[in-house]
Each structure stands twice: as C-alpha cells, then as structure tokens.
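In what follows, structures are represented as structure tokens.
Shared between the two complexes below is subunit A, which pairs with subunit B and subunit C, respectively.
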Partner chain A sequence: MKICLMGFGAVGQGVARVISLKNDHLNDKYGLDVKIVAVTDTSGAAIAEEGLDPDLLLEIKSKTGKVCDYPEKGISDLDALSVLDQVEYDCLVEVTPTNIQDGEPAKTLMIKAMADKKDVVTSNKGPLALSFSDLIKNAQENDVQFKFEASVGGAMPIINFAQQTLPGCDIESIFGILNGTTNFILSRMTREGSSYENTLQEAQQMGIAETDPTQDVEGIDAACKTVILANSILGMDVTLKDVELDGISRITSESIALAKKEGFLIKLIAEVSSHTLKVSPRLVREGSPYSVEGTLNMATLKTDLADEVTVVGRGAGSIETAAAILSDLVNIWKSK
Partner chain B sequence: MKICLMGFGAVGQGVARVISLKNDHLNDKYGLDVKIVAVTDTSGAAIAEEGLDPDLLLEIKSKTGKVCDYPEKGISDLDALSVLDQVEYDCLVEVTPTNIQDGEPAKTLMIKAMADKKDVVTSNKGPLALSFSDLIKNAQENDVQFKFEASVGGAMPIINFAQQTLPGCDIESIFGILNGTTNFILSRMTREGSSYENTLQEAQQMGIAETDPTQDVEGIDAACKTVILANSILGMDVTLKDVELDGISRITSESIALAKKEGFLIKLIAEVSSHTLKVSPRLVREGSPYSVEGTLNMATLKTDLADEVTVVGRGAGSIETAAAILSDLVNIWKSK
Partner chain C sequence: MRTNLVLELLDVPGQLVGVLEPIGGLGANIVTVIHQRDVKTERGTVPVQITLEGDEENLDLVLKELERLGISVIEIDGVLRKEKITTILIGNIVDRDVKDTMDQINQLQGVRVADLDLKMAEEPLESSAKIIVEADYGKRDEVMDKIHKIAENKDFLVISEV
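For the complex of A and B:
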C-alpha cells in the first residue's frame, strides 16, 4: 500500500514512527506493506516511488525541520496538490493542521485524491466539521474509502467502535468528553480546589493547553468532534454552526466544590442526538464512566438494547493518533 | 438465518425478545431474517421449520414455564441433542446454564453442531473456561464460525472491541472489572461505609447477588471470563485452574476507608497477560477508568501504540446479554 503523507507535524511524524515500528509485523499479520511514497510539509516534499525511509525522514525533520532536505528525493517549494500528480499512490493520509475557517488545504487535497480514485485517511477535524456531506458524497461517487478515526479523540476509537462492535444494536445518542485539555483543567480544579485562571496557566506551562487556549476552553474543538460523530455515527447532516456551544472559562472552584459535596463532578460534555447538538459544562455522577480524569477522552453510546456502552482512551498524542490512522489503513487493506 | 435456541432462561428469553423487537429492522438494514426453528428448556422443545413466533414463545413460557406447551409444535421430554437432528438450521444459539464442573450439556451440544457444519453462538462461560482450545479446534476443523461475545461482560463488547477496533495495535495485556455483583458490593461499601456482610445481604435482597454468592464473591465467575479473554484475545491456551484467585469476602470497610483517604478505591481486578492470570482485590486510582461503580463491568486493553483503551458496559441483564448474542449473529451474517 503506497501512501502520500500530507503534513509532517506531530501526527505526520507519528505516522512515520508507527510505520517504522510496525511494518514488518503488519506484513506478517495481514500481508500489508505500507510504503510512504511522498511526504510534504511547508518546506516542500520528498518523493520516491520505491518508498521513503521513515527513520531517515524523522531524522532529517528533526535536524533541519524540512522534509525537502531528504537526500536526493527532496524537492523544495513543491506544493502538496501537485505532488499528488507526480507520484503513483493508493491512499492519501492527510494530516495537515486543522483549519476551521474553510478546511483548506485539506479539503481540496482530499477531494482531488478521491477524484483520482484514491482512498483517503485523515485526522483533520476542520474539513470534516465544515464539509462532511460533501466529502462523503465525493468518496461515494468515486467508490473510494474515506476514514477518519483519528479525527475524534486520537486513540479513543469511537467511530470504529460505534460502527463495528454491536451491530445488533442501534445507537440513539452519544454523550462524551471529547477534549483532553478541558478535562485536564476541570479534573485539576476538582482535586486541587484551584481557580480556573491558575489551572489554565499550569496547563499551559505543562504544554497541555496552548498559548491561545480558545479552541479548547470555549468548546470549539469538542464541537468539531460533535459534528463528526453526528454525521458519521448518527447519519445526520450538520456542520459546526449547528452546535450550541458553552465553554469552561466561567466555571468557578466554588461551583466545583458544591457539586463534589453532592457526589457530582463538572465536565465539559458533548451531546449528540437527533434533536440536540450541544457542548456545555454539565454535572455527572462520581463513579460513572464520565468521571475519568486528566487528559482522557470518553464517549458513551446510548443504544436501544445494550443500554449504555462507553469507550475511554487517550484523546491526543502523536503515536496514539497515528495508531488510529494505522488502524484505518489496516481496515482499508483488510476490506480489499 | 435459522437458529436453534438451546436454553430458555433469562438469556434465552432475552434472545426471543430482541428478535421480536428488531427482526424487521435487521431485515431492512442487513437483509437478515432470524427465524427460531427450535427452542429447548428442561421441559422439552418446540420445533417448527417455518419459525416459531417469539412473542408466543415468551407468553407460553411465562404462563406455564414450559416451551413444550407451544401450540402444536411443542414436544415434551425431547432432549436438546436429538432436537439438533430433527430440524434444519444454520446456527446454534447455546444459552443453557453455566456449568463450571464439566461444561455440559453445552459442550456436547456445541461440538455436535460444529460437526454438523453449523455456526455456533454462546453466552456460556463453563465450556469456554474449561475446553476453549478444544472448541476452537472443532470450529476450525469444520470451517464454522464460533462466537461468544455475550460470555464476558454481557453487553460490554470487549471481544469484538479487541479484535476489530484498533487492528493497527497489538494488545499486550488486559485489566478489567469482570463481575458486576462484586463491583456493586465494593462500590456500596465505599459509599456507605458498610460492612461486607451487610452489603452482601442488601445485594441479595435486591436480587443482585445470588442466595449462594460463592461464584461471584470468590472470584470464580471473573476467573472464567479471565480465561476466555486470555484464550480469545491474547491467543493463550489456559483453563480455569491456571487462574490465581482471591475474592472479596475478606475486604473490610476499614481498608476501603483507608484507601479512599489516599485517593484509591478497592476493586476486584482481573489481570490477563502472558505471564499473569489473576483475579484479586486491588487498589485503583479514583478518576481512572477503573473507578466505575455499581454493576458496571469494564476492561482496559494495554496496547503497544494507543496506550490504554477501555470499554465499559452493563455486565449482565437479559436484554443486554441478548444484544451481544444478536450482534454475533449479525457479524456471522455479514461475513457470509
């Protein structure tokens, strides 16, 4: 399986790393041999029909920051779109940074790959939250596979879980903690009794919250994932603007303490059902599956027969997210 | 898909109920039409090539307690084994009571069905914990499918989850709360500060613990499930006697209070890895996925790439367990 890897930040480098770690094993287990035939970053690209060495790619990137410095195969200032015309490949792995304004350049890249009859795997929330139905339509019309497990909750495999694990049940709604940064902040406020502002600062110092934490703390990141779950699991046709949104920045340590006294925790909960799309702080019961702490993500499926089933996992992390992408590649391979 | 339903207690009746509820829907969704062509209980059997009416079966059972009272199609004193010779069917659904002495009559029924080239679905822990490799060998030699999602954790779909959801990862070990009764008792002791003896009595009054609670509180039920996970997910070849076992009957409210003060809970944890098979009370951190309360079951898979992923669900319940059986039937149908 020849892949074009578009984007070589934390997730893209994670993909190179897991391919280096697991390729021999996947070959033994599934007969799957993943070759990176092209990789791009903002500097340009590296292209090799016979496959680039993932370890060398990682080494070059860590030394010079540019994949175009890959020996003999690097090309500077080549844009990603034209790379897709210059190489034979089977699957686009699109892991450029999330853009929630217009989903670009990811959206155009993915639609081009689909038009060229290539399968697509992405971790990119932007285009999925803005143009889901458009992307699915393109995939269907071109009869290609389109997978995006890594876009929601990194290594919490909620999409495959919902689609494969209990096929005898129907899913009526989904409730989840879909953002690790806010879960970390709320958990720490609960344990330490500290204020929102101080805890956010701590999280920033620890690299868990970004310098501009808006996307996380105002619930925008969770809202993107809410849209992806609504469309992919409940078959809805919604976009980011359909989500009712309330973040955690006004939560006080007093309200958390009050809840705790009664056996409740405050969590930023995403609700997905045919009548409600909402991200907001809510009370959840201690000892319930919603009480997971730290940067963990979780999602509970309310089903018609099996009551509630929940999946919990790491919401982020380079290797963890890459593990979800690798699982999508294996699933595509197995279905052929 | 014609099924023989062997056993018509809580789980068997649940299967009839979910077929009644969902058959039209499954027909629309997957083209799957499940017909119960035979059903047995200790009274005898009911057999109909054209399919028995699941609602009528449930009505008769609740009125007289005997499936052999099914109008025109009932036969008293017919043993299950000979039923398998008297009817055309595709899949045996084996839900007779668990027997951890010798796994009978379930084991003989399943092996006969496999020899007759029929697929088999079971919720029965006994034969799986005692004769797993034997059953798998029979299924493989006869090229039939053998599924048992309902045998571990009712509607907590751990087996499908492990096998399907993250195919890019390898599973290194499993830690779980696999028994709902003991989780209920320990959770309640933690919340109420009550003694083991009083809490067990309460659980018995509520119908959550059995009159003879040995199987649950001494960890035997969890140990059976440990064996099933070891064999089916980690590819081991072990039986019940290989599990190191310690139950919850010596846990005091004092030890629970002491743990709680330090941010820990005491849970009955099953550990499954290539070097350890163990069911024993352990300290787990509050706020971790292991802190789920009540009769919930959970299992955490430690993977090579995705760190820990956890699934949580109802460990028991007639409809919930039947939902897992129905999912096995759908998976068999989809694979054909």
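For the complex of A and C:
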C-alpha cells in the first residue's frame, strides 16, 4: 500500500515511526507492506516511487526540520497539491494542522485525492467539523474509503468501535471527555486545590497545553469532536455552529471544592444526542466511568441493546494517534 | 405483595400498552389500571394508577424496567417520589440577588431548594454556589430549564449533573 503523508509534525512523524516499527508484523499478519511514497511539510516534499526510508525521514526532520532535505528525493517549495499529481499512490494520509476557519489545506487535498479514486485517512478535525457531509458525499461518489478514527480521542477507539463492534446497536447518545488538556487541568485543580490560571501555566510549561490554549480551554476542540461523533455515529448532519459551548476558563477552585463535598468532580463533558449537542463543564460522580484523570479521554455510548458501553484511552500523543491511523490503514487493506 | 404505582404517561395512543406489556413479562400481575385522562398536566401527561401483585424481586424488576423505558414513576404506595438535583453556579451570585434566584426555583410546583452553599472568591464575579433541589420525580428537565434561564439572565455558568 503506497501512502502519501501530508504533514510531518507530531502525528506525521508518529506514522513514520509506527510504520518502521510494525512493517514486518503487518507483512506477516496481513501481507500488508506500507510504503511512504511522498511526504510533505511547509518546506516542501520528498518523493520516491519505491518508498522513502521512514527512519531516515525522521532523522532528517529532527536534524534540519525540513523533509525537503531528504537526500536526492527532497524537493523544496513543492506544494502538497502538486505532489498528489506527481506520484502514484493508493491512500492519502492527511495530518496537517487543524483549521477551523475553512478546513484548508486539508479539505482541498482530501477532495482531490477522492476525485482521483484514492482512499483517505485523516486525524484532522477541521474539515470534518465544517464539511462532513460534503466529504462523505465525495467519498461515496468516487467509491473510495474515508476514515478518521484518530480525529476523535486519538488512540481511544470510538468511531470504528461503534461502527464495527456494535453494528447491531442503535447508539442513542454519547457522553464523553474528549479533550486531554482540559481534563489534565481540571484533574490537577481537583488534586492540588490550585487556581485555574496557575494550573494552565503549569500545563503550558509541561507542554500539555499550547501557548495559545483557546481551542482547548474554550471547548472548541471538544466541539469539533462532538460534531464528528454526531455525524459519523448518530447519523446526524451538523457542523460546528450547531454545538452549544462553555469552556473551563470560568472554573474556580472554590467550585471544585463545592462539588467534591457532594462526591462530584467537575469535568468538561461533550454531550451528543439527537436533541442536544453541547460541550460544557458538568458534575460527574467520583468513582464513576467519567472520573478518569490526567490527559485521558473517555466516552460512554448509550445503546438500545447493549445498554451503556464505555471506552477509555489516550486522546493525544505522536505514537498513540499514529496507532489509530494505522488501524484505519489496516482496515482499508483488509477490506480490499 | 401488592404495590400501587402512579406513573406519568404522555396522552398519546399506544403509551399505556407500551408500559403494560413489559410489566406483564416480568412476572408481576396487573390487578387494576386507572387511567385518568381528564387530569392532564401542563406538560401534556396524564397520571396512570396501576396496582401490581408479585414478590418484591419482581416489583423491583418492574421499577427498573420502567426507569429504563424513561417512564416516570411519581408515586409508590401513596408516597411521592423525590429526586435530588445538584447544580453549581459560578458568577456574581451575591450581587445578582441570591434570594430571587432561590425564589424563582421554589416557585415551580413540587420543587424546593433544599440546600444552598455559597463560596466567595477574591474576585466577586467568580463566586460559586452549590444548589441542591429536591423535586418530585420527573421534574428534572423543568428544574434545569428554569436554572438555565436564570443563569442566562444573570450571566452565571451552570454546571449540571451528567
């Protein structure tokens, strides 16, 4: 299977690493040989029909920061769209940054790949939260596969889990903690009794929260995931503007203490059901499935036949997120 | 053993059968059913009084099944069932008239504020209040709607139970 890897940041490098680690295993078990035939970042691209060496790619990227420095195969200033025209491939793996204004450049790249009859795997929430039905329509019209397990909950199985493991159940609602950064901040505030501002700073120093934490703390990231789950699992047709939103920036240590006295914790919860799409701080029972700590993500699916089913896992991380992308690649391969 | 239940059903065709069937399947006998269609509530529900006979285990199963079906049992053997609803508000609670906040909630029928715990912050805009409301069974949505309306007017953040 020849893949084009668009974006070579934390997730893109994770993909290269898991391919390097797992290719023999995949070959033995499924007869799958994943070849990276092209990779791009903001510097340009590296292209090789016979496949690039993932370890060398990682080494170059860590040394110079540019994939275009790959020996002989690197090309500077080549934009991702033209790369797709220059190389033979089977599947686009799209891992550029999330853009919640217009979903670009990811959206154009994915639609082009689909029009060229290529399968698409992505971890990018932007285009999914803004143009889900458009993308699905393109995939269907071109009869290609479109998978995005990594976009919600990183390594925590949820989309494929609902679709493949619970295919006979109607999923009535999903309640989940879909953002690791805010879960870390709230867990820490609960343990230490510290203020929101201090805990956010600490999370930034640890590299858990970004310099501009808006997307996480205002609940926008969780709202994007809410949209993806509503569309892909509950069969709705909604976008980001349909989600009611309250973040965690108003949460105080006093409110957490009040909750604790009654045996509750405060968590940023995404609620997904046919009548409510909402991200807001909520009270959850200590010791319940919602009480996961640190950067962990979780989700409880309420079903008609199996009652409640809960999944927990790592919502972010280079290798963890790449693991979800690899599951999508293997699933596509197995379906051929 | 006999138990009297009062259920709240929507006044639409098929509702009653939809409840009686599963009860029959759980080993409890239905002795009487009184369907008072003329005492409709504001929400368009009618109370249905059902007398069941069975052993305690079967009656427990019936209550669990009704809960799973999303049917409110508002009274068991003449005693109104209550539920406790905990909410935390963050905002300028004190300056925005705490008493009025309580009064507005207490005005709902079958609902009362059972506990209020205020915590002041250095910054008055960030004070928190925990409110525990005791309400007749099935009133949760009504109570939460009310609290959300008050919060919208007074710019409070509402933290409600999942």
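We take it that the second predicted complex is superposed on the first by the 336 of 336 C-alpha atoms of A that agree within 3 Å, B and C clash if a C-alpha of one lies under 4 Å from a C-alpha of the other, contacts with A are read in each partner's own complex, and residues count from 1 in each chain.
Rule of thumb we're sticking to: contacts are C-beta pairs under 8 Å (C-beta built on N, C-alpha and C of every residue); 3 or more make two chains touch, one makes a residue touch a chain.
Fair warning: this is a prediction, and the values are worked out from it, not measured in the lab.
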Which of subunit B and subunit C A:81 touches, first, second, both or neither: neither
First, second, both or neither for A:10, with subunit B first and subunit C second: neither
Touching partner for A:289 - first (subunit B), second (subunit C), both, neither: first
Partner chain(s) touched by A:323 [first = subunit B, second = subunit C, both, neither]: first
Subunit B versus subunit C as contact partner of A:310, first or second or both or neither: first
Superposed model, subunit A: greater residue contact from subunit B or subunit C: B
Which of subunit B and subunit C A:56 touches, first, second, both or neither: neither
Complex contacts: residues of subunit C adjacent to subunit A: 86-88, 90-91, 117, 119-121, 126-130, 132, 157-162
For the subunit A and subunit C complex, residues of the former touching the latter: 175, 246, 250-252, 254-255, 257-259, 261-262, 264, 266, 269, 271, 280-284, 290
Parts of subunit B lying in touch with subunit A, wherever the complex brings them together: 18, 21-22, 25-26, 30, 155-157, 160-161, 164-170, 187, 191, 286-289, 291-294, 296, 298, 303-314, 317, 319-320, 322-331, 334
